[in-house]
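Labels run A, B, C and D following the written order; every chain starts at residue 1.
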Amino acid sequence: MYAWPVILRDPVHHLISFTGAEERLVVDLMDTPEVQRLRRIRALGLASLAFPGGEHSRFAHAVGSAYVMRRYLEHVGGLSSQLAAHDRIAPETGLVALAAALLHDLGHGPYSHTFEDVVPQARSHEAWTEALICDPSTSVHRVLVGVDATMPGEVAALVRGRHPIAHLARAVSGTFDVDRCDYLMRDSYMTGVRYGLLDLDWLLASLRLHCATEGAPATLAVDGEKGLTAVEGYFLARLYMYRQVYLHKAVRAADAVMRSLFRRLHRIGAPAGTPTALADAAAGRELSPQRYLELDDHLLEVALATWSNGSDPVAGDLAERLRSRRLFKTMSLRPDVDVALAEAQLSEIVRREGLDPDYYARIDRVEIHACEDDDESLVVLHGGARRERLVDASPVLRGLRRERFVHCRALFPECVRSAVRRGLAEFV
Amino acid sequence: MYAWPVILRDPVHHLISFTGAEERLVVDLMDTPEVQRLRRIRALGLASLAFPGGEHSRFAHAVGSAYVMRRYLEHVGGLSSQLAAHDRIAPETGLVALAAALLHDLGHGPYSHTFEDVVPQARSHEAWTEALICDPSTSVHRVLVGVDATMPGEVAALVRGRHPIAHLARAVSGTFDVDRCDYLMRDSYMTGVRYGLLDLDWLLASLRLHCATEGAPATLAVDGEKGLTAVEGYFLARLYMYRQVYLHKAVRAADAVMRSLFRRLHRIGAPAGTPTALADAAAGRELSPQRYLELDDHLLEVALATWSNGSDPVAGDLAERLRSRRLFKTMSLRPDVDVALAEAQLSEIVRREGLDPDYYARIDRVEIHACEDDDESLVVLHGGARRERLVDASPVLRGLRRERFVHCRALFPECVRSAVRRGLAEFV
Amino acid sequence: MYAWPVILRDPVHHLISFTGAEERLVVDLMDTPEVQRLRRIRALGLASLAFPGGEHSRFAHAVGSAYVMRRYLEHVGGLSSQLAAHDRIAPETGLVALAAALLHDLGHGPYSHTFEDVVPQARSHEAWTEALICDPSTSVHRVLVGVDATMPGEVAALVRGRHPIAHLARAVSGTFDVDRCDYLMRDSYMTGVRYGLLDLDWLLASLRLHCATEGAPATLAVDGEKGLTAVEGYFLARLYMYRQVYLHKAVRAADAVMRSLFRRLHRIGAPAGTPTALADAAAGRELSPQRYLELDDHLLEVALATWSNGSDPVAGDLAERLRSRRLFKTMSLRPDVDVALAEAQLSEIVRREGLDPDYYARIDRVEIHACEDDDESLVVLHGGARRERLVDASPVLRGLRRERFVHCRALFPECVRSAVRRGLAEFV
Amino acid sequence: MYAWPVILRDPVHHLISFTGAEERLVVDLMDTPEVQRLRRIRALGLASLAFPGGEHSRFAHAVGSAYVMRRYLEHVGGLSSQLAAHDRIAPETGLVALAAALLHDLGHGPYSHTFEDVVPQARSHEAWTEALICDPSTSVHRVLVGVDATMPGEVAALVRGRHPIAHLARAVSGTFDVDRCDYLMRDSYMTGVRYGLLDLDWLLASLRLHCATEGAPATLAVDGEKGLTAVEGYFLARLYMYRQVYLHKAVRAADAVMRSLFRRLHRIGAPAGTPTALADAAAGRELSPQRYLELDDHLLEVALATWSNGSDPVAGDLAERLRSRRLFKTMSLRPDVDVALAEAQLSEIVRREGLDPDYYARIDRVEIHACEDDDESLVVLHGGARRERLVDASPVLRGLRRERFVHCRALFPECVRSAVRRGLAEFV
């Protein structure tokens, strides 16, 4: 158990302390089994197969997110003389914000995003987070209710990006939300891919709150003189981490193997020896919160070992591939390829080699953008009253938002590599 | 599968490449299931409970150690004109050295050192490493034999610190061995405890090989002008990482809980549902290599979940403590305390509170030294022929080696804290 | 004097060693008075007024450039089996390359670029570098001739980007030249503006040499799989360092004050007590190499002190402004402003306030681009024979190269600030 | 001019902001010519000859010290509920503290410590700092008086370590004073000698204030659980920076050359063309504050150029040695050597070679200790009321404080090297 006051070493933020009286709640939440469970879930999921350093857990990230939230609250506190009453953050609201930051990932399943992506009909992790916070049987719920009966509801709403104070809602779910600030920095530090190294101090120092019209809710803005490059740096970090890490070919290949495995299990039913929680999940059956909480990386990994020794050759092969890192091979295709056509052709090749294309052939096309919808509302404040949309003020963003970043790849087992290379030559 | 040539991002060494033709062996070994299994074993064992960032695996460390070995080989290659023939490293020997560096931790069990420490009659991880390398059924063995039939034997010997070239033997097991160079840097980077940040470049640049007498085997020495502080820095890093991380009170407390749990399992037998490999290990039965390889963090973690719901209240409580991080509390005692007396008194207190002191009371006394036996042989080369023992040449080491660093702590559950505080007051 | 072999601490590259026999020349050159003079010239010129950390000298940068060149030579050496004979770098050519890297900035005057910019009719620093290398009276010349009589000519040519081996010429003067690699990293490290932190290891590992047609000279190319983001990172670092540091408003303001000062001195003649070398330079008179070498930051700074106490009020005021950091104020104007019109208006305002606009009014418009002409020739090598222009292959560069980055600012003394603010309101 | 509020990039502390209303004074002081003069004085003096990166100025250090003071004030503010009224820091006192931190080095002469060391009868820089703060003609004085008439006196007293609040006095001049915290970090960062990298956050978080007896003034103490290693790290950083940087052989050799030069000038009188301020200083004449402020690195460097071309061969040679980095050679002697005897012998050798030993022969013996007197008073607070002297509580300090670190070296020109090597062989 952590006991308040807590000072933690953190490699990313260096020293994280929850020593203020108002931070007792954070420490109490850190001690719950539901938050401790996040130690058993790797933040980067299967990406650790491509980046040996990227083996950190959701727990470290959750604590880091709470720390970034505290710094956001301090920064906004310093601006409060310029804010209308309805935009200031009262101490009770600060508690809700810290709790939301710490708990925002509570509902993640094994290997983080992987799980909800590959399991048929899986509830999203956001939905699970909300469910766990609101379920009276969880320790998290009890700790929150101990502060105030309305707290679970408020925290759950804020985690989903809903709060009367608009800028706070966006600090949990928006362009610069505390989640992203922490994960970009942490994933970058841990993988050694340096592009995600945000200048958090400078970014925070550049944030302003701004009312488009008198009385309107304040929204996030950026100081035009100091902040433009810090903000551009943030967008670039985000873009690069996606291109370099989150969408790395080995990561996509591992995801595809996992996806095939679960598709197979869905069809054949979970083999004997599969833990109930996993069997239910694989079958697309509803899970109770307690059952869901049993799911973690360890349970899945042990199941992989079981399945790899099981009687179904397809499930066995796919499970063993994940354990021994014999992922699918990838071949880059042109971005403008007709995916359906390429997939048909790849399937045919794989079938001719005696494999079932349902599990062993996939065209993986992902498209990312430097700017997202939510980014469009950001405003840059120049001296005086002049303001401008960020995407207009920044030549870097102006240039990048017109571009699409497309990765289109064929994924297949190594044994068909030369057949694929010949057969898909026209798509390269 | 990795395919040669390999270039990896590594957060500690930045960029690790195995691109030389002679490094194909390293890549082939990285692809074996035995080496891939190291991904499933946390390098710092239970220390991640105290340092949220310290969740990296033995795999990342193994690759890092091979990298440091390559740099050692390059450095020694640059000195070879000054070496007698019997001290030079031929290309085949370089292969053995790289393989030994990569494989030196192959035999680790769940949570690295924890496992061999807590399981009754467990074989050491070094013995398991040797066994796995030499066992014809392992892929590692097959890959090594593919190069040369004598290789498994040579690699296994070198891992244990035995080799005709004395300085190479010590580069695998000695003061500055490649294992330690990597783990001090990596553990420091990952935990954020900065004291372990070696100056590896400078350290390597300062290393010399030195023959005490004409024809004697060369041993490791240090350039007196440039190297003294780099070497002192190494000793200090080692000392600090032990004090700050490896012997951190929460780490010792977690170890004690795990130890109690396995003592309990040994007495009552492993509960139903325990995987065979773990049940055999817990019972002190011999395991085959294939069975041993089934053991990893995941298997142990899932077993903890099973045991925490099992029928034995002691095993259940101890397992749940590890899952939910309700470790034993610690109280620092004076270094010169009579351990037997303190333990008797602590046991009595714990018994009065209704708990079995076999599992819930422990006096943990560890003593470390700034210098180890192996360090004593290091020599500093001053200009010309003058040389001196390192421990004489360095005032820092001279001062530190007379000191003992003792941690003496009582470990007990939180529910008896106030009783212990009163009852052991005389030992504080 | 440095004595070979040399190992230096360098904060940017960590440890710079010139220990190979072939690097004796570098050490001998480092010991010449002409190279030692670079210690007396700040690399960032007046930018240290805006970035207190940016006070490093051209000497540290020159040594760093030689180090980057050595790494380039090592990298190209590793590729040489794929190169035609005429593209391989022979040992003698390697010496020329190292010397050119170390000496490329030999001709800089006080405050680096500032001097050649502000002094009327000043020779460029490149022309001075060539002159100093080729002048038989310099120690640098003597050291080079000591190796080979043709060396000064070859080194001077290479510094100007002329060499029979095309890729080597561009490594001294081209997109990724060693000069830039070092200064982007060094200026970033020293100022604390983190955007310039190149991933030098990864960048080098990604460089390829490529022949457009059989027998054509090899030119620089980039590995498409690994290298695209490293190269984009380089372009972004370059862009950001310009925007954030080199064209920072306080840097431009300081430059403008210095420019005004030299314009004034040109008109009134250098005051009594001005050292001959400076007086000649200020008057636009030709200087001998020995006289030119007398010029350094110290001479200029002491002259500023003299001038600030001199009888001409304009020169005195401008000199004192530089000493006490009372630079011109800046006001950002719209990028598309009619510069002549704005300048006329600013001059009128300044004149009305009783100041001479020749010295106290300036519209400063600078325009930079993410890509330069030289960048256009870079090629990305995809697997097999496919290749593509970098600016086509990279969506980031595709997006950025259409954009112009314009800074347009009015510069004026603080005493006219409110008048300017009113008078130029239409241009904002 | 800086204009409040100020946010600066700093490579060491990352982002330094003086944005609070109470920090206007810091900004006003930064704008004075006396503080701006510190830009013209290198913090490490001649050490930049040994460490090319170490070229930063006293200005960057002064600003960094003010920043560390602000963090100290914040930390003490957080402890104030535990402090007696007489130990709390009122806002006005905070201003005095910030000013003292910024101004503590105001009186440094050219090349920082070098100048006061080598110039005969020079006033210490501390005495000059006090004089400049208290002299009504300085801008610094005027700015301070503008806040309160008593301020110059209070600031000057605090700079000398005198203040009614004992712990504040020691924060300016004591074991962990803000000056040292900044310079150890900065010098380490800039030279690339990593040993000085303090863990400032952790150190500050570990500091406590402690009253030995009820009502006694609080003194600095350290939290026993968290702080011991942070404090040891500080002592080690200090020790290493002295051994590696401040007492580096090339630094001592450069100092000796400068010292010989000024001894010569004192005997022969300053050559024609020497600026008055330097001539007066060299002759040991009293200087007015305004004259003293004329002295800076630039003035001295230009004088070196003048002297190196002057008529006195000894002064000319010594000056040219400094310009071209032809420093004295060093030979390490045994620590226990009879210095007088060695010096006599060295002088005789040098004289036989036709050089004047007054200028060309020197035995340089320096002795440092891991702990200083002031450190002895530090107390470690264990849980509850138990406390212990730091030097007893820490085995590291216990071991180190018994050791002396002695550097004993002969310094002489390179032309007598072989004669010295033979002649002093017995002392090695």
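Observations on the model:
Heads up, the rule we're going with is that a residue touches a chain if its C-beta (ideal position, glycine included) is under 8 Å from a C-beta of that chain, and two chains touch if they have at least 3 such contacts.
All figures in this text were calculated on a predicted structure; none of them were measured in a lab.
Just to note, of A-D and A-B, the chains joined by more C-beta pairs in contact are A-B. Each chain's centre was taken as the mean of its CA atoms, and the one lying most distant from chain C is B. As a whole-number value, the distance joining the C-alpha centres of chain A and chain B reads 33 Å. One simple way to say how far apart two chains are is to compare their mean CA positions; for chain A and chain C this gives 42 Å. Chain centres here are Cα averages; for chain A and chain D they lie 49 Å apart. Among the residues of chain C, those in touch with two or more other chains are 14. Chain C contributes residues 7, 14-15, 17, 201-202, 205, 226 to its touches with chain B in the complex. Interface residues of chain A, counted against chain B in their complex, comprise 1-2, 8-12, 14, 31, 33, 36, 39-40, 48-49, 51-53, 55-57, 59-60, 63, 189-193, 275, 294, 296-299, 301-302, 305, 323-327, 414. Here chain D touches chain B in the complex through residues 194-195, 197, 199, 229, 233, 236, 239-240, 243-244, 332, 370, 382-383, 386, 395-396, 398-405, 428, going by the rule given at the top.
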